[in-house]
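You will see two complexes here that share chain A, one where it goes with chain B and one where it goes with chain C.
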Partner chain A sequence: MKNSNQRPIWQKTLLGTATSVAMASVGVMGMAATASAEESFKVGFVTFLSGGASGPFGVPAAQGAEIVIKAINEGSLPAPYNTKGVNGLTLESVVVDEAGGPTKQVEEYRNLVQRQDVDAVIGYISSGDCLAIGPVAEEMKMFTIAFDCGTSRLFQEIEDPQYMFRTGLDAVADNVGAARYLAETRPDAVRIAGIQQNYAWGQDSWQDFTLAMAQLMPEAEIVNNQTPQLFQGSYSTEISALQTERPDIVHSSMWGGDMESFTAQANVRGLLSQATAILTTGESGLHRFDGQAPNGTILGGRGPFGGFMPENDLSEWFTQTYVAEHGTPPSYPASKAAQAVLALKFAADSSGAEGVPSSEQLAAALKGAEFESVSGTVRMALAGGHQALQPMSYGEYHFENGEAELRNVRSYSGECVSAPDGYNAQQWIKEGFPGVDCN
Partner chain B sequence: MLTVWAILIDGFIYASWLFLVAAGLTVIYGVMRILNMAHGSLYALGAYAAASALGWYYSGGGENLVMAFAIIAASAILIGALTGLAIERGILRLMYGRDEILMLLITFAVLLILEDVMKLIWGTTPYFAYQPYAALGRINIDVLTVSRYDLLVLVVSVVIGVGLWFWLERTKIGKILRSIIHDREVSEAMGVNVRRMFTITFMIGATLGALAGGITAPIISVVPGLGIEVIVLAFAVVVTGGLGSITGAAVGAVIVGLARATSIHTMPELELFIIYAVMAGVLIFRPHGLFGQVIARKI
Partner chain C sequence: MILEKSEISLIGAAVAIALASLVVPNWLVFTATLAISTALVVMGVVMLMRAGLVSFGQGLFYCLGGYAVGLGGRYLGITDALLLIVLGVAVTVGVAMILGLLVTRYREIFFAMLSLAFSMILYGLLVKSHGLGSTDGFGVVDWTILGFSPGSGESSSRTALLLALGLALGIALFLNRYFRSSLGLACEAIRENEVRVEYMGVSRKQVLYINYVIAAAVGSIGGSMTALAAGHVDPTMAYWTISGEFVFIAILGGTGHVAAPFIAALIFTLVRTYAIELAPNAWQMILGIVLLLIILFLPKGIWSLFTRKKGVAS
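Let's turn to the complex of A and B:
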């Protein structure tokens, strides 16, 4: 067993200040917790603290994780997590900036495991980073939870995963859900266009969406897809190109500042009064659009997260605590990070270990399990029990009297938007969703 | 026909923005022979300053559009001039006479430092200052629409371009600067205070960069890393037109803008490729760019 008495436990939690963000961008920083237990459980938390993904995703995710970690150590979480610590141990965390690309992240991961001596790792927003970390986690036999990345290839590229888990949904669920929402609420839409950031996420999302549309709305015609550069900022020309095609629907998987900029510009230019936008990650802008998205714009939250969280004790507690600390309701990245930390607590508490659970014990506890979360009950039902199966929700943005809300929300069960275990997702869509269960 | 109109309108609008971004960069290189990588940070600083000032103005109940534009200009010019002065006086003046590559590396270091300084000041959350962009509305042309703010950027770009030309070609200080461009040593021997002219030039170039950022702020979300994205594009434009040439920057911006618009309307997947293909194509036939001048090496 490791001599955990030698580990420093910092009294103050991180983030929230730009100074700490700048420090984190050049290395590793401590995060945590009150120090009362003799032993502690050390988790590496990897999220964007710098770069374009930090503001809308990385920092809210760190803030969401921080709130749950603090409550775990205080024993103030609602049931069923109202016991102090993880498996009775103080939860200590080391936060690492995800910026820098997959090669750097593999180095950081090895550093976390071999030098920081962490007991588990939670992290990764970027699909590229997830794909790079998956095999390394298996090689190093380290219990690892991917909390946000959306690539459907994560478990296609790991044969028989043992240590890698994902507690969020993949991009296939986002886009099958988007197509189902359109088929139900906009069945007369004929001309479909898109705008996606020009990298793997955008290209994969558009492929999954168009495949699903071919099955669910075969009369609809794909008329255009724009592929601007990541963090381009201004979309004037792309908006003109979309307007000339007179679309009924504009699909976009753009995220963060890019998504918000495009929406505001397209609104001013009138594109969004000519066509309805469906934004698969739009929920992160729910409380930031400030009326710059027209009412009726369709938003997704990559699952039942953020504004789509169901009402339960955990989600109510999480929302209240987050609002009290940060003055705004949690967006979906914050909820997803909170869910991953809850999964860790569930696995540790259920492991039956004495002291610090091993990666094998944690993996055995989480594999195929069902646990409660801010998003409802999570079933680890895919990829041999390593991938979460959850509903996908979409709704329409409405802004009135300075308040934003989601209306006409529809949820689709996990079995309705995700391929059955062992199925290639694209093949599943092309074959007409065999085995689908939308009840 | 609609697509042709769209390409022309979008191409010139994008070109005007490109020129705004590239003008300061090419002025500094033309006079000082410094490829200023920190220009991207000056652009980002201008954007952050304008977005913050606009946020302050609108949250205080401000509604006057003219006042909003005055705030954009004042905040961007102020931060650009002061930062430019600090960089030139604090760092560059100690390095004059060094190799161009070394100067490039120094300004790259300044860019990285300023990126972190901006994170310290503004954090990582995106800033929006969309009110002026939204307030100006749009013009409808058949199914196409054009933002009036984009047209305003075009006008500002033309004004700045003409102003720069007038300053360099028709004023006394312009004549002095041109003499420095032609021969720094002879100018100095003739009594020109070259170092002072360098300070003025760098401040003007930095202010132009910050002004470009300030004008762009109401269109985009202002986020960390903004300056790094922009500097690559600005380089593509000034290299295409010829380093140090204002006319070259303008022509380069128009060529790149039209090529990009054509690609987006006809082959959107080539949007990025086309910008650098144009640059590479020009450099194959004119290694110093369209308006770049071959400078004889002194022995």
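Let's turn to the complex of A and C:
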């Protein structure tokens, strides 16, 4: 009896909840409708806001993009982007969390395009997400820029891309660049070891690095490679295993917290006084190591980003604004996100469209184009004009008087580190870099 | 064969969804396809739950179904969706028949952990397979159905929904009868008291084994449908958090009726996607709170809303 008396109350509560949820969603939909009625350009920005990749990559990237979007709407960017808005339209952004894996990202991508009616999508740090989104972007005919993901398979898997772009380099360039830097600055190194996270990124990076080393430093011997789990955090076993091999160089593609904790632990254990570490994504730790990495550790930034940005009006403006807003200089993910937003502005401004440019107009404007960015002039010269061809930089970490800086920085031109169109990257390395141009 | 009332309503619901797919926005069509696919895997979890077993490794069969579609298309050149799904079921049933011999001997936490372990072994194997793209996974080929190409864009996602809907209806009708068959009822009896079931002359081992294999096959179809709809497979499908999600949806829906997992999966997916839209930085919290509230107020799952109404009316 007691139960049957309670039932209506429960049902009422539930009905009440359901009604309020429904009303709230109607309200939100209404808001969305009024917003899109105005002349604005809506871009979906997908980046990690939760999980292990959010701290080092996702959030800095969102912050970098936000700064540029704000400046675009105020018209306060340096030339050539000193016009207000994109193609005169207010740039509105919808931020989406990238966590949850490719299937969920495909679902959220469709929701962005079809429910939220975005005019373009920028995003994707994870290579798996990029690979899943590529074909969907082509199918849905939506102008999409991948700003960070590094897989070299992205444009191999899409036949004749039309709508998918990448405004950064792939991971092959990171590792060919690393091998070139070692060949130039550490020609006497003989014993090479590695430590990579045990997933696609780590496996691909190590494969490309060892292939490139076989070409560029054939005398060097690969003595060991450790593959700890992703987000393992503690690396004492791996460090011991590496120490027994007495390496001269330790290559690592680990990123974020893993990279920082490995460096700190390896430093304390003395591995890094024996060997020099070359960290392909080490730049994101440049202002976070605080001397926990020994001086001379070689850092890369996945291209001319973060601490490797060349001096130009845009990069100076970006660094200043970022420091003013967030108290630390921008790391490479922030610069890469900024670059993708600038690419969107460039494409929209030069599309020649009246009002909101279509995906076709944006794609035509960006394809094969050259645009100014925080990393210098970017040429969309790879994958039939859909991927950026940019230099790759490496430098040594130095920490003195509480200030971190990069010294002995060397840059390698895009043609020096990236396979020309039509070449499988691994094949290109194995054949001894045909068509390479390192001047 | 005379259709029962609940069967008529199942068919009615499927027809209604199929008709609705012509008018609702395309994103909802896609979301519904994924929800139905998820619900199929959840159905497997529910089948095991009815026998008193909680599987934290149903992702194993979900992943096998998905990878069968991906690999069958890529390496065997099969493009027919139905053939790919059958391939997935065949592989999964083969694997489940071997694993079932071992895991159905265990109960409670031991069953849960063992099923989780096997799922994580597959995850580990796939992560190590550099040729299959490791954690990045790979794309699924463009598929056809009975020689008909679904094309691209809206018609493609609608075809996927109709296919998922057809399969789900068939499975729901089958399971609806199965739950009240002697085998299905024996599962519930085993949950209540195994020893008595044995005394009655029913082999609990056999019952649980058959139940386990059918649950696996249903899960595989869910995985195959997800792969066909999303167009990409990756090892996350076998990761334990995904299996945990299936268990959660099963609890959310309750074990009362075959329709419960479908309703629960749809609610789960919709709450999640709207939470992501409304609060990109706190969507997990919203999702968690909503689900907690549902469990708090409906401890027997969402389906108890419907049975309650019936109780009041009578």
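We adopt the following convention: the second predicted complex is superposed on the first by the 401 of 439 C-alpha atoms of A that agree within 3 Å, B and C clash if a C-alpha of one lies under 4 Å from a C-alpha of the other, contacts with A are read in each partner's own complex, and residues count from 1 in each chain.
Operating definition for what follows: a residue touches a chain if its C-beta (ideal position, glycine included) is under 8 Å from a C-beta of that chain, and two chains touch if they have at least 3 such contacts.
Since this is a predicted model, take the numbers as computed values, not measurements.
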Would you mind checking whether chain B and chain C clash or fit side by side on chain A after the superposition? fit
For A:T377, is the partner it touches chain B (first), chain C (second), both, or none of the two (neither)? neither
With both complexes overlaid on chain A, does A:N408 touch chain B (first), chain C (second), both or neither? neither
Partner chain in contact with A:G256 - chain B first, chain C second, else both or neither: first
Quick check on the superposed pair: does A:R115 touch chain B, chain C, both, or neither? Answer first, second, both or neither. second
Output check: A:T151 vs chain B and chain C. Expected answer is one of first, second, both, neither. What do you get? second
Please indicate which partner A:Y199 is in contact with in the superposed arrangement: first for chain B, second for chain C, both, or neither. second
Just chain B (first), just chain C (second), both, or neither: which does A:L49 touch? both
Looking at the overlay, does A:N295 come into contact with chain B only (first), chain C only (second), both, or neither? neither
Overlaying both structures gives a minimum C-alpha distance between chain B and chain C, in Å, of 6
Chain B and chain C contact sites that coincide on chain A, given as residue numbers: 25, 49-50, 198
Listed in rising order, the residues of chain A that touch chain C in the complex are 4, 7, 10-11, 13-14, 17, 25, 28, 49-50, 94-97, 101-103, 106-108, 110-111, 113-116, 127-128, 131-132, 134-136, 139-140, 151, 153, 157, 198-201, 203-204, 207
Applying the document's contact rule, which stretches of chain C touch chain A when the two form their complex? 25-27, 30-31, 34, 127-128, 130, 133-139, 152-153, 156-157, 226, 230-232, 234, 236-237, 242, 269, 273-274, 276-278, 280-281, 283-284, 293, 297-298, 305, 308, 311-312
Counting only contacts in the complex, chain B reaches chain A at residues 2-3, 6, 9-11, 13-14, 17, 116, 119-126, 128, 130, 133-134, 137-138, 140, 143-147, 149-150, 216, 219-221, 223-226, 229, 260-261, 264-265, 268-269, 271-272
Of all residues in chain A, those that touch chain B in their complex: 18-19, 21-22, 25, 49-52, 54-56, 58-59, 198, 224-229, 231-234, 236-238, 240-241, 243-244, 246, 256-258, 260-261, 264-265, 267-271, 274, 288, 290, 292
